[in-house]
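Each of the two complexes below includes subunit A, the first together with subunit B, the second together with subunit C.
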Partner chain A sequence: MKRTSLIVFAVVCLIFVLSWVLKAGTIDGDNAIQDAFLVTLASFLTLAIMSFMYKDNAYYKFAEHLFVGVSAAYWMCVGFWSTIVGNLVPRLSEGLSEAFGVPYLGGELDFGFLTLPYPLLYFIPIILGAFLLFRLVPKVGWLSRWPLAFIVGTFAGLNLVRYLRSDFMSQISSTFVPLLVDWHGFGHFFANFSLAADGQFVAMFSNLVIFLGVVCGLIYFFFSKEHTGLFGKASRVGIWILMITFGASFGYTVMGRISLLVGRLTFLFKDWLGIIS
Partner chain B sequence: MSPRRSTTGARPPVLCSCLLIPLVFFFLFLTNSASLAQGETEVVDTTATTPLAPVTSLLAQDFKYDDGDKLMLTWVPSIDDIPVTGRVTAYEVYQICNNGEPHRIAELLPEVSTFRVEELHRDSSYQFYVLALAEDASAQSVVTAAITPEQEWLKWNWLNLMVMTIVVCGAVMVFIKTATKGRKLFVRKIAGLEAVDEAIGRATEMGRPILYIPGINDMDDVQTLASLTILGHVAEQVANYDIKIRMPVARSLVMTAARETIKAGYQTAGRPDAYTDDMVSYITDEQFGYVAAVNGIMVREKPATVFLLGAFFAESLILAETGNSVGAIQIAGTARPAQLPFFIAACDFTLIGEELFAASAYLSDEPKALGSLKGQDVGKGIAMAAIIIGVTLTTLATLTGAEWMSSATELIRSWFVVTD
Partner chain C sequence: MKQQFPRLLVLVFGAFLLFQFFMPHEKSEWLYEYLLDWIIIIGIFALAIGIWSLIRVHVDKIKNKKIGWQYSYVTLAGLVGFIVFGFTIRNGAEWGWYFPFVLSVVGMFLMIIQAMASRAKVAMFAGLAGVFALTALLIGIFDKAFSFHFATSEGLQAYMFVHSFDFILIPIFATMFSLLAFFIASAAYRAFRARSIMATLLLLSAIIVMLRFNPYLEPVFGSYISQTSSWLMNVPNLAAQRAIVMGVGLGIVATGLKVILGIERKYMG
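Entry: the complex of A and B
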C-alpha cells in the first residue's frame, strides 16, 4: 500500500471515529452508541459507493464486496426460510413442521377419480431440486437438465396463455377506437374547434395516434417482409412513434431517479450530519 | 315646553318600538327554531319508525366455467339504497353451509348488487341471505334455495382464446414443417444482430474479454430464455476465435442454464476442452449488489464488448453508462419499455422488444426458430387486419349511426375479449 493511500485511510478512519462519537452525543436512548455507529457506517458506505463516480478505488471495492457478500447470504437465508421452511416443510411432514415452528398444512388432494396425500405430491419438487445438485457429481450431472427443462417448459406454457390474453387479444380489442368522435360534420367541427383536453379535436387526434401508432409499430416488428416502399415508410413512422415514446419515458424515469438521489442526500444531510431538519 | 313635552311624549313609543321589534324578531326566531327542531325530530322519528326495505330477487347461481368452488350471488338493491341520500350504509352477505349456522362472509358497499362467493366445496350445499344495514335499522332478505357448486371441465368463455392459440401455434408448426423441408424462409435484416459478430471480432482484435449480462430475472422470464439463445451463438463464436467470455449472473438457475448453453456452444465449435465453469459466476440475487459487482468487473477487466440482453430494471442505465465509460462496444436488448430509452441512449446497438425474441431465429438460422418467427408474424398480421377492420367499422358506425355497423363492431370486438 502506498504511503498516500495509508494517510488517506488513516484520515478516513479518524473521521469515522469522530463522526461516531459526535453522532452518539446527539442521539437519545439506551442504544445511542450502536445507532450512531450504524448511521455513520451507512453514511460512509453511501459515500464509498458514490466515490465510484470519480474512479474505481479501494473504498468502492470494500463497499461492493460487503454488499455482495451480505446480500448473497441474506437471499440464501430468505430462500431457505421462505421456500423450504415456509412452503415445503408445512406440506411435507407434521414432525418437521413442529420442529420448525410452522403450522402443518397437510391434507389430501382430491382429483375426483383419485385422492392423494399432500406430501406425496411435494416429493416431486424435492426430487427435482435434488437433481439440480447432481451437477456436483459428473457421472449423473446430466440429470440436472431435467428440472431446468421442467421449469422452462412450465413457464413457457403458462406464459403463452397469459401473454396471448393480455398482450395480444386485449390489446387488439382496446385499439378498436373511432377516428371520428361526436361527429356532426365539418361545419360543427370547425365552429366548435377547441384544443381543450376533453375536446373533440384532442379525442380524435388521440385515437388517430393510437391507431397509427399500433399499426405502424406492428409493421416495424414484422420480420417477414423487407421494409421498402410504403411498408418501409409505415415502418419509419412506427420507429418514430417508438422513439418519441422512449423520450417521454426517459424523462419520466430520470425524474424518478432524481427522487432516489434526493432520498439518499436527505439521509446524509439530515440523519447523519443533521444539517437540515 | 310643549315641544319638549311632545318630544318627551314621543319617546316612550320610540323606545317601545325599538325594544319591541327585536323582541318580536327574537320571538319569531325562537318559534321558527322550535318548529324547525320539531320538524327535524319528526323527520328522524319518521325514519326510525319506517322499516328498512330488504334486497329483493336474491339469486344464487353456479359460477360458470370454474373448478366447482365458486357461486354467484345477484340481487336487486334495497329501495332505500339511493345514491347520496339513501339510508343503506352497507350490505352483509351471510352463508349457511349444509344447514348449519349462518356466518358473515362479506361486507359490501351500498349500490352493490353482485358477489362472487369463493373457496367453496363441491360436496357441500350452500344457502345465502343478504342483510341491508342502515344506521338505525337492518333488513334481511329471503334465504336462497340450497345450491351446490358444479365443476366444468372446459372454460367455454375462453373459446376465442383457444381458437387464437390454435391459429398462431398452427402457423408456427406449419412454418417449422416448411423450413424443415428445406424451403428458404425470408427474415429481414436486424441491425443490432448484424453487429453481434462485429462486436465479437472487435474483442478478438483487442484481445480483451466479452462481458455477457443476461438481465436479473430468472428462467421463468422469456427475455432470459431469448438471451440464453443468443448466448449460444455468441459462445460458439467465442470458442471459434478463442477469446475470453465473462458472465456474472444474478440467479442460480440462470447460472446452471448459461453454463449448459456455453458448454454446448464450445462443443459445437469443436472445442469442448476450452470450456470452464468459471466463465459463468453467480454474484447475488440482490439487484444493486449485483450491479455493484458488475460495475466493478467492467472497470477492472475493461471488456471490449458488453452484451446486455434480457430483463433489466433500474440498473439498466448504471450498467450501460459504466460499459460506455470503459469504451466497450455495447449491444443491448430488452422487452421492458421503461428501460429501452436508457439502452438507446447509452449503447451502440439496441434490440427493441420483439427484436430480442427474433434474435434466436436470425442468428441460428435453424428451421424451428425461423418457423416460430414466421408463425409469430402471422399473429401480427391477424392483429393488424383486425385493428384496421375494427377501427374502420367503429368509425363508420359513428359517422353513419347505422345499427348493423355498431353490431358488427361489437361482434368483432367480442372475438378479442377474454372474460374471467
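Entry: the complex of A and C
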C-alpha cells in the first residue's frame, strides 16, 4: 500500500468516526448510535460509489463487493422466510409449522379416483430441489437435469400461451384502431378543426401513426425480403418510428437516473449533513 | 435416463401447461397452482447453489491471490453478516452483546475461509475460527438480549435486517444507477449529433421527453412540451414498442415449441 493511499485511508476513517459521533449527538431515541452509524455508512457508501466518476478506486471496489455479498444474503433470507417458511412449511407438516410459528395449511387434493395429501405433493419439489444440488457432485450431476427440465418445460408451456395472447394476439387487435374517429363527414371535420390534444384531428392522426408505425416497424424487422421499392420505403418509415422510440426511451431513462441522483444528493445534504431542511 | 427422461419431463409438463389453458377445470386449475408453487420452491434450491458458487469463486480468488482478492473478504463478510441479521432478532430495547456476536460469527467464517485458502498456517486459522465460534456460542447461549427467530412476520422485520437493507443495499443500488446518468450523457453527446434525419429524430424526441420534467419551462411553453412528450410516449413510442413486442412474442412462442418438442436442448448443458 502506498503512503498516500494510507494517509487517504486514515483521513477517510477519521471523517467516518467523526461523522458517526457528531450524527449520534443529533439523533434522539434508543438506537441513536446504530442509526448514526447506518446513516454515516450509507453516506460513505454513496460517496464511495460516486468516486468512480474520478477513476476506479479501492473505495468503489469495497462498496461494489459489499453490495454483491449483502444482496446475495438478502435474497437468501427473503427466499427462506417467504418461500420456505411462508409457503412450503405450512403445507408440509404440522410439527414444522408449529416450530416456525406459522399456521398449518393441511389438506388434500381430491381427483375422484385418487386423493393426494398436501405433504406428499410438496415433498416432490423438495426432492427435485435436492436433485438440483447434485450439480455440485460431478458423479451424479446429471440428476440436476430433472428439476431443470421440470422448470424449463413448465415455463415453456406457460409462456407459450401467455405470450401468444398478450404479446401477439392482443397487440394485433389493439393495432387495428378506427382511422376515422367520431366521423360526421368532411363539413363537420373542417368546421370543428382543432390541433388540441383531445381534438378529433389529433385522435385520428394518432390512430394512423399507431397503425402505420406498427406495420412499418414490422416491415423493418422482416428480413426475408429485400428492402427495396415500396417495401424499402415502408421499412425506412419503420426506422424513423424506431428512432423516435429510442430517443423517447433514452430521455425517459436519463430522467429516471437524474431523479435517483437527486434522491442520493438529498440524502447526503439533508439526512447526513443536515444542510437542507 | 440421463438424456431421455429430462426431455420427457419437458414434454409432459410443457404440454400439460399448454393444454391446461384450454381446459379451465377446477382440478386442472389446482394442478396449475401447484406447479407454480413447485417452481418457486425448486428456485430456492437454485439460490442455495448460487450462494455456494459465490463462496467458491471468492475462496478461489483468495486462494490464488487473483487481482482484487482482498475485496473478496468484504463480499464474504457482507454475506455472513447479513445472513445473521436475517435470522436473529432483538428481544427488548437492549442490544446486549449482539454486535460482538455478529462480529464473532463473521470472524469465524472468515477464518474458516482463510484456513481453506491458506497453504500454510492452516492450524492457526482453524484455531482462530474455533475461538470465534466459541465466543459466538457463549454469547448466543448466555445473552438474552437477542434470539434466533423462525417466524415469517418477525424474521424479515428484524431491526438490523431492515435497516441494513435501507442503509447499505439501497444507497449503493441507487447511486450506481444514478451514475449511469453521467455515462449516458457522455454517450449521448457522441450519438446525438444531428447528422441525418434519423439522428435528428432521436435527438428531438429525447430532448422533448427530458424537458417534460423541467419545471422552469412550464411558464414559457405552457403545457405544449408536456403534451407533445405524452403524445410521443403514447403514440409513436407505443407503435414501435408494439412491433418489437410482437417480434419478441413470436420468438418466445417459437422457442417454447422447440423446447417442448425437444428440438432445443441447450438447457441440459
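Worth pointing out:
Please note the rule applied: the second predicted complex is superposed on the first by the 263 of 277 C-alpha atoms of A that agree within 3 Å, B and C clash if a C-alpha of one lies under 4 Å from a C-alpha of the other, contacts with A are read in each partner's own complex, and residues count from 1 in each chain.
Operating definition for what follows: a contact is a pair of C-beta atoms (placed from the backbone, for glycine too) under 8 Å apart; a residue touches a chain by one contact, two chains touch by 3 or more.
What you are looking at is a predicted structure, and each value in this text was computed from that prediction instead of being measured.
Comparing subunit B with subunit C, the partner in contact with more residues of subunit A is C. When the two structures are aligned on the shared chain, A:V85 is found in touch with subunit C, with no touch to subunit B. Of the two partner chains, neither subunit B nor subunit C is touched by A:G187. Touch criterion not met for A:G229: it reaches neither subunit B nor subunit C. Residue contacts after overlaying the shared chain place A:Y74 against subunit B and subunit C alike. Look at A:L164: by the touch rule set out above, it reaches both subunit B and subunit C.
Of the two partner chains, neither subunit B nor subunit C is touched by A:P138. Looking at the shared chain after the overlay, A:L179 reaches subunit B, while subunit C stays out of its contact range. Looking at the shared chain after the overlay, A:P103 reaches neither subunit B nor subunit C.
Of the two partner chains, neither subunit B nor subunit C is touched by A:G25. Overlap of the subunit B and subunit C contact sets on subunit A: residues 49, 52, 61, 63-64, 67-68, 70-72, 74-75, 132, 135, 145, 148, 151-152, 155-156, 159-161, 164, 168, 171-172, 175, 211, 214, 218, 221, 242-243, 245-247, 249-250, 253, 257. Contacts from subunit B toward subunit A in the complex involve residues 151, 160-161, 164-165, 168, 185-188, 190, 219-222, 225, 253, 256-257, 260, 282-286, 288-290, 292-293, 295-296, 299-300, 314, 317, 337-338, 340-342, 344-345, 352-355, 358, 362, 373-374, 377, 379-381, 383-384, 386-388, 390-391, 394-395, 397-399, 409, 412-413, 416-418.
By the touch criterion stated above, subunit A contacts subunit B in their complex at residues 49, 52, 55-56, 60-61, 63-64, 67-68, 70-72, 74-75, 112, 132, 135, 144-145, 148, 151-152, 155-156, 159-161, 164-165, 168-173, 175-181, 183, 211, 214-215, 218-219, 221-227, 242-243, 245-247, 249-250, 253, 257.
Within the complex, the subunit A residues that touch subunit C are 30-31, 34-35, 38-39, 41-43, 45-46, 49-50, 52-53, 61-88, 99-102, 109, 111, 121-122, 124-126, 128-130, 132-133, 135-136, 142, 145-161, 163-164, 166-168, 171-172, 174-175, 197, 202, 206, 209-214, 216-218, 220-221, 238-255, 257-258, 260-261, 263-264, 267.
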